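The following pair of complexes shares a single chain, chain A, combined with chain B in the former and chain C in the latter.
So, the complex of A and B:
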């Protein structure tokens, strides 16, 4: 595989975050530049509604990219994030409806609307996400299937299952909890974004302040050395995929709460977005380098830019084009820089 | 060099080559066994399964995937991967469709193939010249090509109904053999010759087997890699043409998930993702196996989405034994 010639990163280049480093981060300045351009070119860009919308968009893709980051840190890749995201929510709804049927309740009412307890749906959704992630992890770590094949298989299987479970019809989600996650705003900040930031803080604490998190970097930096140190690397790889699954499920909760519906083809191609964000956020595809904090900044930058393009009336297809090109340029620059450093 | 010496010098080389040949094709023999078993199973389930008509249907259904898989197999042998094939197939078909008004099938087909060539070449450049991992470069290319296909066509489909030459590629026949199947046979033979019996083929296996050794023995790795990506681009465009011609429908949203089906066939055919192994014969057999399985599932009334799940599980079952892939755990 092309990813085999890994760049040898210094083991333990754990990037500690600080306000000082944040201020020097080019991503932050890029975000400010986009916001300034947006404010100058459109009177709507800085309205509270648009800011809230941008942050809502950030939340879903940001959560996906956090999961992607945790997997990329260990030197693997997770292509199944978007499929897992949708699958988890669909399983959440379907299983809850089945539980309702067992209890003699009818939670799937007319027009495929779900009117059961949202709490149960969300719980099952997250459990499903973690399960899918852990299965991916077991396949990759213990059964030694290449991670992109394993997750490509999961991606296809789950997309197929999504259609089977929904019969191709969308489920509409009703309930105050969904409204709360999707619509409510605290001081201009939507709940979904708060969920994203909380997840970010937990993940940030995990990778920078705990031993287990540090081992993600160690595995990504030099897996063989880490293994010979006596660390059971396989467990941490499973853990990384589990985190990715959980983040995908959370992204699903945030996204579907906002749309008030879930259907099988939702979020097609979001895996590309998640990879692009992680890479723009400085996460190395070879593993061992990157910070969830910068992935967060990259997701804000991404959402702010796409929002601006939307306001300018640029069609979605140009937006998709931008995502692809941004990915090529970001990875291209980092690999050219690496070559220069190596010389 | 005396005759005796020459004999002595040549013999070990020859036998090494033939051992290598058998080693490479062992997998194909087991695939052939599986294929025969499946055909027998099909015959038991339905007496008409082995009829010429049904076999023709099975083959026609896998033509596009197989041809693209020949390109993919070469890319995988070289140690890279190409996830952009569906995007390349769609974009090249759509750009070709811009020339439908001219009424010239030759023009449409050559433009399509040319666009495929360019896109494949670009993939190669991204991987070789800039050094982007092929997984990412081609994933991005997939997104870009799909977006461009929709932008250039404004999301509208094209119907090449008036161009008989174009439709002939998908629906015509020569002496009772459908044209797509003929094209499949020709491309398979070309690919087999290219990979097994040419200098390029040797360089290809050498590159995938051990990049450093290949480089040190004077193979220009970048040339080999750009060549395989370009071939894969052309194969994707050709696959796109045949599918579009068969359906008489050029759709900018066509072939969703094609990359996985192609990859499935390639991996099932015995190409390890670490590079250096895999054969076109294996890929041919694997695509037949997938075709027969899909046909069986169809006859049993299994939905297309469940077939998708089954295909995914088959790939998993193939890669799970894992020994071949152990070295690419990443």
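So, the complex of A and C:
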């Protein structure tokens, strides 16, 4: 028997099984169930406008949960994602305005409206997000601060900084780029959601196809074992937090472009939603298990459900209650499943 | 000494820890195509020697030569690079990754741009697995494999670095007989392929089977290096144990035993089977055994921290099924865990606080602590156990190891537990304090409490126990009354 056909069948099984697994994924069926229920109970649920809205709402929270997933895979947690999201955009605006002042331009006009170049804002926003993430990572990996503490401190500090930098007033964002990201729709799909999907594809490629991404799983699975093979685990932990920071910043761009403003208290509590989505998507809080793809499905499920509750006229308070319950159930199920697998 | 220089040579190696000489002038060598085993009791210095060879610890004195070349490893990664791999006793693997990913972790074949080469990864892994003649699918998740298969993956990982020397550190501890046979077959093949193998195991029969030479360590020194043909089990045991030790030293005083307080009737779970023994009032019962004999699991089951699947546990004449340590404590069973810092004490709290932790519910009225009773209990314990403290409010972390251990003992006396399970109570304390801890345990028995004792050193156990039960591989293999105590006879039961 020659080796070549053997290899081919192998690859074939892998591909078939992953497509197969997607079809068998309960998340997909849950999404379909929610959509069907929505369509049956409300004439508005399947209108293009509502679909676009749901996808838009998915984008920001989905990006946060992607970042969360990369950190959770290494067995850490990042509580600062929402604060980083807002902070990055605010820094983006403030620094751009300062740059404008240096150039003799007034980019902050009447009524706290920003009228400078959006491209510069977005670039600085993303750099800021990465920096915050890397600093978190350094604290966790090299200074050995528990990630829970480290990122909780970051969360608190950034929330404070957000108020200092904005003086407590929102910045309003004007510019065609913001409109494009926030409002335009291609074949019914909003730009923000496309940004989310592109990020997902990049992250998915990274964790499943590259050696470096595989290290995230190794570290989350058994950090000591990984360290003993000579892998410099600390670097990968920093990388994971850096990715989380970048995702947070992107989420900030998507969210504020939609709102056309950024405000210090924006997105409070989104970190918990991001954790909830990641966990519902099957990412283990203990590390080493999970896929960004399923985190994406979970975020769609999440947004579709909240949208349906909104259409039904359920108040936000009950929606929050639902988030909490969903998280408890998801964590419960994942820990029971782990125990069953262990036995 | 050009062509015949051994693969690995250790010359005059010593390792000093504060207050202890763990290795004393040890010399050891390994030739290509040879299996050289290391045996010795717990604490004889095997692990220290292996860590020095492997780069996990630095020797205080002495040199290590690889193929005649002097080497110094700063960490295990250096050792792997110099083609010396180690198969660890505990599996150091990632259960969430596939077999192939585990084998090549840190050495993955890459395509351009840092991409994974899954096909090559799995093919390479398959080649290694074939080399060991085991039908394991390289794309399976490691966590789904049996312990035995995981062990084989661990061996493959050692092989993946293309080593010249492989160190096996008790690879068979968790395997059953068939699996051990398979493992030995693998080692035999590796040896035939010209590798040098250091093999460490407590199972003397397999050591005699597989080895070309055997080195016996005792108290950090080499007592013998001989070819396996010149040795047999009996001789090995007597070399390992050394002198016949004298029971009945200083701390032991004869007591009359009372009624049975704890009766284990054929209890078992996944880790141990068919364990039966009874514990009398005022008795100190030792459970002896080597690493992997599962005595730790047995005492945890008695304490309700592990499930008992079969058999009956009768305590004070009533059958009990403990669902948690809380149930056990309610029934007067206490466990002093070996790791007192982690499991036994709250280091940042005071002596008084620690002693009172398990009895808080007894010394409160209407939810408030009765300070006076608290102080009384503390004083009582400090006097009873002769704990040296500067005051009741002294922090536990400021006490010496021996005194910390006494506080742990005091905690459970205060709780009025009458069945006390002590796991290695003298770990990490100096000689003088050891003696006082044995006295304290003796005085527990004098007061009519019963003690189940686990120690690493058999000699210590023989000093204080009324009876010793021996365990091996999750079963009881022997039982000795005090007048029958002999280190050699007991050690023989370790290897059944």
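Quick notes on this structure:
Heads up, the rule we're going with is that the second predicted complex is superposed on the first by the 322 of 343 C-alpha atoms of A that agree within 3 Å, B and C clash if a C-alpha of one lies under 4 Å from a C-alpha of the other, contacts with A are read in each partner's own complex, and residues count from 1 in each chain.
Please note the rule applied: a contact is a pair of C-beta atoms (placed from the backbone, for glycine too) under 8 Å apart; a residue touches a chain by one contact, two chains touch by 3 or more.
This one's a predicted model, so the numbers in the text were calculated from it and none came from an experiment.
After overlaying the two complexes on the shared chain, residue contacts for A:40 are found with neither chain B nor chain C.
By the document's definition of touching, of the two partners only chain B reaches A:148; chain C does not.
Contacts of A:23 after superposition: neither chain B nor chain C is touched.
In the superposition on chain A, A:160 makes contact with chain B only, not with chain C. A simple residue count on chain A separates chain B from chain C, and the partner touching more is B. In the superposition on chain A, contact is made by A:332 with chain B only, not with chain C.
Of the two partner chains, chain C is the only one that A:289 touches; chain B does not reach it.
By the touch criterion defined above, A:324 reaches chain B but does not reach chain C. Applying the stated contact rule after C-alpha superposition, one finds that A:140 touches chain B and leaves chain C untouched. The contact surfaces that chain B and chain C form on chain A in the two complexes overlap at residues 3.
Those residues of chain A that touch chain C in the complex are listed here as 3, 7, 10-11, 14, 208-212, 214, 217-218, 220-222, 224-226, 228-231, 288-289, 341-342.
For chain C in complex with chain A, the residues that touch the partner chain are 76-77, 80-81, 92-97, 101, 105-108, 110, 113-116, 118-119, 122-123, 139, 143. Interface residues of chain A, counted against chain B in their complex, comprise 1-5, 75-77, 139-140, 143-150, 152-157, 159-161, 163-164, 223, 268-269, 272, 275-276, 279, 285, 287, 315, 317-318, 320-321, 323-325, 327-328, 331-332, 335-336, 338-339. Interface of chain B with chain A (complex): residues 79-81, 126-127, 130-137, 139-144, 146-148, 150-151, 155, 211, 256-257, 260, 263, 267, 273-275, 303, 305-309, 311-313, 315-316, 319-320, 322, 325-326, 328-330.
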